[in-house]
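Each chain carries a letter (A, B, C and D) given by its place in the written order, and its residues are counted from 1.
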Amino acid sequence: MNKPAHHESRPHVLPLRTYLLVAFALLVLTVVTVAVSFVPLGGANALVAVGIASLKAALVALFFMHLLYDKKINLIIFLVALSFLTVFIALTMFDTLTRGGFDIITRDPIDPDAVIYRDTISAPPDTTTD
Amino acid sequence: MDTTFERSYLKTPKGLASWLFTLDHKRIGLLYLFGIMGAFLIGGVFALLVRLELFGPDKTLMDADTYNQFFTLHGAIMIFMFIIPSIPATLGNFLLPQMIGARDVAFPRLNLLSWYVYIFGSVFAVYSIAAGGVDTGWTFYTPYSTESTGAVISMTLGIFILGFSSIFTGLNFIVTIHKMRLPGLTWYKLPLFVWGLYATAIIQVLATPVLGITLLLLIMERTFGIGIFDPAMGGDPVLYQHFFWFYSHPAVYIMILPGMGIISELIAVFSHRRIFGYKAIAYSSLAIAFVSFLVWGHHMFTSGQSELAATIFSFLTFLVGIPSGIKVFNWLATLYKGKITLDTPMLYALSFLFLFTIGGLTGVFLGALAVDVHLHDTYFVVAHFHYVMMGGTVMAFLGGLHYWWSKMWGRHYSERWAKITCALIFIGFNVTFFSQFFLGAKGMPRRYYNYLDQFQPLHAFSSVGSLILGAGFVVMAVYLIFSIFKGRRAGTNPWGAMTLEWTNPTPPPPENFTEPPRLEYGPYDYDRVAVERTDT
Amino acid sequence: MDTAGTIFLPPGSSTLAGDVDALFYFLVYASIAVFGIVVFALVFFIIRYRHRRTEKLATTQGPSHSLRLELLWSIIPTILVIIVFVWGFRVFIRMHVVPKDAMEIKVTGQKWFWSFDYPEGIATVNELVVPVGKPVKLLMSSSDVIHSFFVPHFRIKMDVLPNRYTVTWFEAIRPGNYDLFCAEFCGDGHSDMIGKVRVVSEREFAEWLETGTAGGEDLPPEQYGASLFVGRACHTCHSVEGQRMIGPALNGIFGKEHALASGERVIADENYLRESILEPQAKIVAGYEPVMPTYQGLLNDRQIDALIAYLKSLE
Amino acid sequence: MTADHAHDRPGPLAHHFTELEQQSDSVKMGMWIFLLTEILLFGGLFVAYTVFRAWNEEMFINAHKFLDIYLGTINTIVLISSSATVALAIRAVQIGDRRKAVILLTATLALAVVFLVVKYFEYSHKFHLGQLPGKYYTFTGVEGSNPHIFFGIYFATTGLHGLHVLGGIIVLGWMLFRTARGDFSPEYHTPLEAAGLYWHLVDMIWIYLFPLLYLIG
């Protein structure tokens, strides 16, 4: 693999216009995401924010960081990083979001403030069990 | 008389400074060798002290706090300062460029920096012994590690720094393998040791940063109480375990994959036989590297993670066993119709096959959910991971060290003493650790300073084994050091091997190859070309 | 199911033990079989294809790969491990689904003893008394670091976490005394955090509940105190023979003056001893760590008096 | 093997490479692997954020209102602009315009400093209110349990990011010096490209931190 590509003795220079357009798009997206955050959309706010952030990150990676034009191996490295981060988040959440499935605990929580406790109690802390 | 010696990397240039500022991957490999041998000595002494204390119940030598510090230091030093850098940073550094016909690794300065970072991190880690010791176990579980009064911060900082050294080595190797290969040396013509190093390096760069952030968060937890891991501040100790094992499980494969690479070389050379199933062995390394990231939760089946997560992790754990099994069977098949010579490196390779199979099979016990509940945190686990780490990685490392010893130093060790030592280590190891499978299944929990009388005979047996093991390593140190100065002069290719590093002079010149290496045959073409042993 | 002890496992004494042991032994025999094949092939090939160094090396001919063989030794282990996974999973689920009629006991792990609270208002330390043949649900939490509740004879183990409840259950099938270990490293007293599970008949259990924590109240105070000193796990950290352990030795301390970590000095009278049992962090003896947990709720006044009487009697 | 070729080897080519292109590709690939480790380093913090947000969404939403969205937006624009200037600086070197490259790199450095100054004001305001991480947290205005965890994560992520900006200033300063000295040419400017990649990654991480912390909390 990686046959030496002799014809590329000079770097691939992107036109100035591309950089300016990308920078402009990034600024516009920033304004959009801030504006949307003031609109109450419930859970969708988080999705929109992360979606726009990903779009911006993709623009930076593909154009500013030249991944679109560079050797494919570098793009692969970048995608590997993202996929293993996804694995980390996903497998951890498989635990943290599904705790207490079998054990219904009817006692009051030990520390009502402890956020980790929320999913393992059946009743909210303020109701008394009889 | 010996112009090869005078022109070799060992003698040109001369002087201490030329070693301390060397950019030569071979010298850096040797610097690492001295570093990890120092770590192995310290870690080994702690191991022997721990085993002596456990000879009988109650107090034998030391009090509980000292014992807790000793097993913590044994674990932390052996893992972070010895076994993780052991094969890649010493043999890998020394051999990788030679095996792919390159003059050096891609980033020689980064390579030297990684050694200094290693020493710097080790100094922090060893300093923590003086600064009150650490008694948390090498896993630093919260909230014990946030409450402990020991020198947890200096130890974790040391390990954080050691992580950079590991990352630099991995980064260097990946780029080297991609970009520095001799023209014409395609991926499928690479020696399997290079594939092993490649898979290892991938894990090093992917997993080590997570260890870094875990330890940083632990330090912040101790200094600021930020409340992510400490239940007293509203955090979750089980989340710490997720973070920790996301690194530390793949780290197990950082340790074993390069060992498997060495075994592939040894089995092929000493059977004088084309390796069986080259592609299967190569790809299984990558498969192990990938799946190793999906299984960390099997360290946590009784930790309070959800049943769903435990089930997923258990299933994925079994997947990682399959490529390991494939490797073992392929090695066995390589012996078939070979010409097997039982030189010392081969004895270590065969020991590896024997011990690693036991380690792997007992791993299946621990992957099975219900059985793990009984065996978790007992001596069964201790025995299992020593069979994999010591019976696997250390045996492979010793095999590789003996195999390439003449390449490194230009001299042979005493074959007779080497065989006696190999037998001592093999016997000592099995006496020490096989007994621990029984201890664990009987219910003896690990990290116990004191224990009930019913466990005493097996503990005493295990302790005796550890002394045999220790004696083996002392003898090895003596004959190896002796050989550097007085050993018989070695020839270019004493084993009749086909990989590129045996085509250059022994010991190699600083630039590795005096003339551009030629690819006349592949690394395992024993069925096409008759290579003779050349030894003086 | 009743399984006798073997060279591997201690006798199985809970309803779950049989299930776990069956899988365990399946794994033992399967492993021996696989290991046997590997070692046989290894030894056979070494003997059959042994080559002396004096002979000349020539080329060797042998298969470089074989798709059929490689598939064989990929697929057979895959099937085996899938069987093991499903089997292990099914037993694991049984371990985690508590029977509806289980009696609930609250377990607290702390450095370095176990305490058990019964719904009837009885509290014990390091001794869990349960009736035979009745499922017992353990609702567990820790008051300091992570511990792990491990009874080898019952094949159960579950971590005990601070600030959170975890659950495990068992049903003992034979009366007897069984070891209870802490399996998660928790500090200097980790290996002494050992208790007993005492399985008694239904009738004995009912009697035991009646008389409270196994009697002793009719003994003279010094003797009662001596039994409490062991029964409440004081001896895990305090010697009565003068050695320094995790805590200071307690013989001959009564009536004497002691230096505190705060620099003050204090006379060890009844009030001081009482306070040290109920509020251990209030006054720390110089040279020791403030690690002792409170015994508030674990000892009644009579028991505290008995303990003080015992300490007074020590030389 | 090397001595007889010495005369036709370009200056910046290190002894162990055979040609400049191999060297440049290696450095860039090495840099990308380094960026991969950075992504996973920050990744741990993103995991902590996601896990705790899922556990306690209300507290996160309440707590994030105490971050200054205007300063955050300004900093985002500052960092994006600095990313653009560094990309343009590399382009200037590629077309041989050294003067423009120096100006653009100086602008990048200035923007990076602005970012840190804004961050400094944000931090000191929070210190003043007692919105400190962990056990030093004394602020009482946030509803929900354990708001100190949100601020713990806020300080951990932005603090680590701030350290990376600081590191970027040092690296870019060195690159500015080397550009001004004339080390780089259209044929050889690999170190500058690598430094640029690093700076873009620092920008990219902020692109995520900004909405997660300031906008949705």
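FYI, a residue touches a chain if its C-beta (ideal position, glycine included) is under 8 Å from a C-beta of that chain, and two chains touch if they have at least 3 such contacts.
Since we're looking at a predicted model, the values are computed, not measured.
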_chain C to chain D, fewest steps along touching chains_ = 2
*More C-beta contacts across A-D or across A-B?*
A-D
*Which whole number of Å gives the spacing of the CA centres of chain A and chain D?*
17
_Quick check: how many Å separate the C-alpha centres of chain B and chain D?_
35
*When the centre of a chain is set as the mean of its C-alpha atoms, what distance in Å lies between chain B and chain C?*
33
*asked:* Could you pull out the residues of chain A that touch at least 2 other chains?
replied: 2, 73, 80-81, 84, 88, 92, 96-97, 102, 111, 113-116
*Using the touch rule from the top of the page, what residues of chain D touch 2 or more other chains?*
22, 25, 29, 33, 36, 39-40, 43-44, 47, 51-52, 145-146, 149
*Could you say which residues in chain C touch two or more other chains, in rising order?*
96, 163-164, 166
*So in the complex, which bits of chain C are touching chain B?*
7-10, 19-20, 23-24, 27, 31, 34-35, 38-39, 41-42, 45-46, 49-53, 55-66, 69-70, 73-74, 77-78, 81-82, 84-85, 87-96, 144-146, 148, 150, 152-153, 155-159, 161-164, 166, 179, 181-192, 194, 246, 289
_Residues of chain B that touch chain C when the two form their complex_ = 64-65, 68, 135-137, 141, 143-144, 147-149, 231-232, 237-238, 271-280, 301-304, 307, 310-311, 314-315, 318, 321-322, 325-326, 328-330, 332-343, 350, 353-354, 357-358, 361-362, 364-365, 367-374, 376-378, 438, 441-443, 445-452, 496, 526-533
*asked:* Using the touch definition from the top, list the residues of chain B that touch chain D in their complex.
replied: 102-108, 110, 167, 170-172, 174-175, 178-180, 205-210, 212-214, 216-217, 220-221, 224-228, 233-236, 239, 242-243, 511, 513-516
*Which chain A residues qualify as touching chain D in the complex?*
2, 4-6, 8-11, 13-14, 16, 19-20, 22-23, 26-27, 30, 33-34, 37, 45-46, 49-50, 52-53, 56-57, 60-61, 63-65, 70-71, 73-74, 77-78, 80-82, 84-85, 88-89, 92-93, 96-97, 112-116, 118-119
_chain B-facing residues of chain D, complex_ = 1-2, 14-16, 22, 25-26, 29-30, 33-34, 36-45, 47-48, 51-52, 132-136, 145-146, 148-149, 152-153, 155-156, 160
